[in-house]
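You will see two complexes here that share subunit A, one where it goes with subunit B and one where it goes with subunit C.
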Partner chain A sequence: MAGSALKRLMAEYKQMTLNPPEGIIAGPVNEENFFEWEALIMGPEGTCFEGGVFPARLTFPPDYPLGPPKMKFTCDLFHPNIYSDGRVCISILHAPGDDPMGYETSAERWSPVQSVEKILLSVVSMLAEPNDESAANVDAAKMWREERDKFEEIAEKHVKKSLGL
Partner chain B sequence: MAEEFVFDPNKNYDDATMAQLQKMEKEIAENQKLISDRVSFDSLSEEYAKEDEIYRTKIQQDLKNRYKCVRKTRGDGNCFFRAFGFACLENLSNDKSQLQRFLEVAKQSKSELVSLGFPEFTIEDFHETFMDVLTKVENDCTLEELLETFNDQGLSDYIVVYLRLIVSGYLQKESDFYSSFLEGDRTMKEFCNQEVEPMGKESDHIHIIALTSSLGVPVRVEYLDRAGTSTCNHHDFPEDSTPVITLLYRPGHYDILYS
Partner chain C sequence: MPVILLERIPLPSLRAYTGFSVVLLACALFYAHQVVLNAESVGLEIPVVSVEQLDDGSFNNNEIQYMNVSLPYDAYVWNMMYVMTAEAWCVWTLVNTAYCCLILLGKLVQKIVFGELRVSEQQHLKDKFWNFLFYKFIFVFGVMNVQTMEEVVLWVAWFTILGFFHLLTQLAKDRFEYVSFSPTTPHFIHLKLLSLLCVIVVSCCGLLTVCGLVGFQMGLTIFAFMAAECLLLAIRTLYVVARYCLHLTDMNLEGVWENRATYVYYTELIFELAALSIDFGHHLHMLLWGNIFLSMASLVICMQLRYLFYEFQRRIKRHKNYRRVVKHMEERFSMATTEELNNNNDDCAVCWEKMETARKLPCGHLFHNSCLRSWLEQDTSCPTCRLSLNEHPVNRDPNSNVPDNQNREVPPANPPGNQTMNHFFHFDGSRYVSWLPSFSVEVTHTNMLANHNRLTPAQTSQLDNMARQVLQVFPHMPLNAVVDDLRVTRSVDFTIENILEGRLQAPPPGTLLTRALGEEETSSDDSDNYQTASARADGVDIDQQDYLEIPNETGDNNGSETDNERSDTLSQFSGRFSKSANERETMLEDRKNDMLEIARRRFLAKKSDDNSLSSEETEEASVSDYSDNINTSSASNSGDTSDTVRRRRELAYMAATRRLGQQTYDTSIE
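And now, the complex of A and B:
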């Protein structure tokens, strides 16, 4: 069904170009391969990530949208729900049953009617409100909980780095 | 004693778990078609040990007397939807007046989903595949072709997704009534996002009531379980309807029955 996946990804790209959500840019890395996208995500206002522009990669499976893509930040980002290698770990990237973190039952899950846009909007909310109940980066979760100043300092460093400063 | 587990922070355990799950799914896939040919009840009782008398008695002395044969489906969490979908289209191919009514309902369903807030680009491919299969039936495709379509993983899954969307749409539209059946404090939208729309989520009574009501295709379910009766109990969805399809339920699984 790679043909169906391609059709859907092209429709999503068109949608993202015509109605881009605020603070998000995303599209295929090159027009030859629609299964590999790059996204730029602006750090949400009023948070310690404000002002940053964080690049990420999305990799889509051949049966997309039956299965979800994988997402990985390609910059330094110290956050409870991002592994140290950049992989993003939030509930919408997992179907129910595929549950590495034991997400709470009310968390939004992957299904074929989700979309790249929905994922990226969830990632923006995740930056604004880390979920330290299901941490991918335990050190970041601990620091976010116990030493918020130190956490924000690191975040600011990564914001500057993301801008090439 | 089992090998002692040493956590390796550089290893991706999620991927390892997923790989193992995928391997198991592949093994199941190789052993069972998505929708099988019609098989006899003897092949059904072969699945049970000689000692498993309750099941064997109910199959040999009850089901075998009341039904002719069975079509097995793959146990992948989508079996209710796939069994219903196939049985429904097989039935419509022999009933052209019902087919016209069904085509209208199916056509309408997309705009209903859009009006409920589903972005059109997320549902149109599934709707299109569903309508294409219905058109095949309208154009008198053979039973073999229908069976082929339902055993093509891609097409078959797209049909299942669309049936799931029909259930989601119906439950959200009728949420005033159906919300009272939900356990916990989930909203109907959350329930649909977590229990209806994702592939592989098993169906409960609420899914069956929603699908049969919204499509106007009543179903009888025969229950083959360990209950200490000599015959199977059955239930019709919606209640007091005249079923046009019969499914066989064994705990966690649905197959299709033929009389």
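And now, the complex of A and C:
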């Protein structure tokens, strides 16, 4: 039921507002629908995504937090763990039971003790350290492995684009 | 599907249709008026009604003769009505007018109660409408096999009213679900929706009475057909009302409503099962009574029956699973004692609400009864530590889609190089600038996995969380030392106390690195070792080592400065949490804009620095001697070279390497 999900999302929103993790802002797109959030993520310093501000959509299921939200970047982002349509592929977002890549243990999957904050922090760490073993974007993973310069160049272009410059 | 085909039919706009209906009605009235006037003035001589029009089966010859003779009533009004109902095109005009009024009424209700419809609501409405039309068409012509026009008209009238209420219920249900997604819906919206639903329920009662009256004359079968439809509508509406009431009670209740989930579950169960069984019986009745086993209609009904049956089965299965989980839970997990609750002083990890009562898992984690149950319905592990809670795999529902590895214990040690545990790895994302050796989290995990028992993964996330809190207060402390201490104290406060009282001290950076890496080299003052170690720790090739080394060293020296600077800029991102929805919205918007603005400014500043400096110092940062440059700068930085100069050099160097990379890339393309 949406009631308990709503309360929990409200609590999370409050926490993210009062005590936001560095370089992350998240909140509902509009107050009429608490199940659709927008998050801004700053590219982690010292990586090729440094300085970028990347917007993403989080869509929560009505039974949240029993089921994980879906996350999708709404900007261009070339990264081994992000599908070309912006969907994020990290184990924490997979419900226990489905395993698209076929080798995650259940311990890494979604559980109700996870939260928006933890998801976004995982995404930041994913930006900093792509996991090219379970690539969602094979081209990006290949380039990350073999042509790092080129990869960084593309990343910088996307950083610039994300800032509207 | 009929829906897709029928959606293509162009429908006239409501305005045009209303206009057309009004004109038609006016014509009919004028015509009837003329007829009546003529009849009165000429003395009961009536212009002959065109027989062709009337002879289409809807009216029998008796009436035509009747009309030729005289008008039956004296009063003008009655005569008007008589003519209107006697003549075919006037009758159709009346029917059309009735439909037009109904549509206008629907529109009015929509305007008052719902306002603008959302796209998904419109879509649902359309689907529901065409589906309803399709199935009732099958019913009237396939099952009832209606022959005469009067019967068709009566059935159509009945289903029109029913369909109208069905659509309103559908709309109300959609809107309720949408409204329940928001915490800030005004009260009058709830009031409007609920009163509409109540009106529908009352109308259902009225319709049921009509069913009774009709059934009294037409027999039990007709009554059963009509009443089933009515009951279905009533149940669906009542279901929405019940859910709505539960939702409102929950939202207006302060604190936690322990039994809420149980109420919600059983309401859902009862209403769903009732609706499914009535629907199933209704369809079965149609199939048997109609005696139509070899027609299209029977095919459609059979499909529907099959679907209903599977739904029913699924629901029962889910309920069995629910019962099993409840039983399992009550047997194996005791309620936490008051003392345990007091010691816990943490909220339920699932719903983040305070715990008045709780169940305790074998691993010591506490949860609300209902929160735990709804999680166990879909998984069999502790939400916090993933400890498998299923000791009797035989009892497990073989159809539930819980994979087998849920039953396994968490593996005692992950293979080395497994990077799975670093969820909180780059919390501040400052690998090279800051005081925080970023790799240490990863290494700590491996150590912990190797040394501790299977419960350890549970605590890693919590420890990480706590360590982060401590590091926010004491950024200079090495992460692994903090984590080590946390493992002993298990409390942020105690660890902070330990640091404050000097029981826990930050080791010099060299030892820190070697410790974190777990390497044998103890000669940490050897700068070569130091460099290789850190480079390896970052998982970077040795030839990139120098490139990475520069920011790292600066980080060691002016880390605290950058730190303060950053916390200044970023502190504006955190805000206050307003009670008003609008204010919250604007504040969030402001924070987003601020962040973007700061990021932009920083980016531009960096860019301009880059450009101006790289052009100045191109020769200096030429490819051949860049390592010399770096070495001198890093060697002298403790002495007289100021920070800014050093920084410039680094930037220049980075620009140079980037340009170099660009060149090689270009040549490779050529």
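As a working rule, the second predicted complex is superposed on the first by the 160 of 165 C-alpha atoms of A that agree within 3 Å, B and C clash if a C-alpha of one lies under 4 Å from a C-alpha of the other, contacts with A are read in each partner's own complex, and residues count from 1 in each chain.
Basically, contacts are C-beta pairs under 8 Å (C-beta built on N, C-alpha and C of every residue); 3 or more make two chains touch, one makes a residue touch a chain.
It should be emphasised that the depicted structure is a prediction, and the values quoted were computed from it without experimental measurement.
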So, after the overlay on subunit A, do subunit B and subunit C clash or fit? They clash
Name the contact category of A:4: first (subunit B only), second (subunit C only), both, or neither. both
Contacts of A:78 with subunit B and subunit C, given as first, second, both or neither: neither
Considering only touches as defined above, state whether A:108 meets subunit B (first), subunit C (second), both or neither. both
Per-residue touch tally on subunit A - higher for subunit B or for subunit C: C
When the two structures are overlaid on chain A, which partner does A:124 contact: first (subunit B), second (subunit C), both, or neither? second
Touch check for A:12: first (subunit B), second (subunit C), both, or neither? both
Flag for me the stretch of subunit B that overlaps subunit C after superposition; candidates: 44-52, 80-88, 134-142 or 224-232. 80-88
Shared subunit A surface residues [contacts with subunit B and with subunit C]: 1, 4, 7-8, 11-12, 14, 63, 65-66, 96-97, 105-106, 108, 111-113
Touching residues (chain side subunit A, partner subunit B) in the complex: 1, 4, 7-8, 11-12, 14-15, 63, 65-66, 89, 95-98, 100, 105-106, 108-115
Considering only the defined contacts, which subunit A positions touch subunit C in the complex? 1-4, 6-8, 10-14, 17-23, 25, 27-28, 30-35, 38, 40, 42-47, 51-53, 63, 65-66, 91-92, 96-97, 99, 104-108, 111-113, 118, 121-122, 124-125, 127-129, 131, 149-150, 152-153, 159-160, 163-165
Parts of subunit B lying in touch with subunit A, wherever the complex brings them together: 13-14, 17-18, 21, 77, 118-119, 121-126, 129, 153-154, 157-158, 161, 165, 184, 186, 190, 193-195, 197-201
Subunit C - residues contacting subunit A, complex: 177-178, 180-184, 243, 246-247, 250-251, 260-261, 264, 349-353, 371, 374-375, 378-379, 381, 383-384, 386, 401-403, 405-406, 410-411, 419-420, 422-434, 457, 461, 551, 566, 570, 573-577, 581-582, 584-585, 587-588, 591-592, 595-596, 599-600, 602-604, 606, 661-662, 664-665
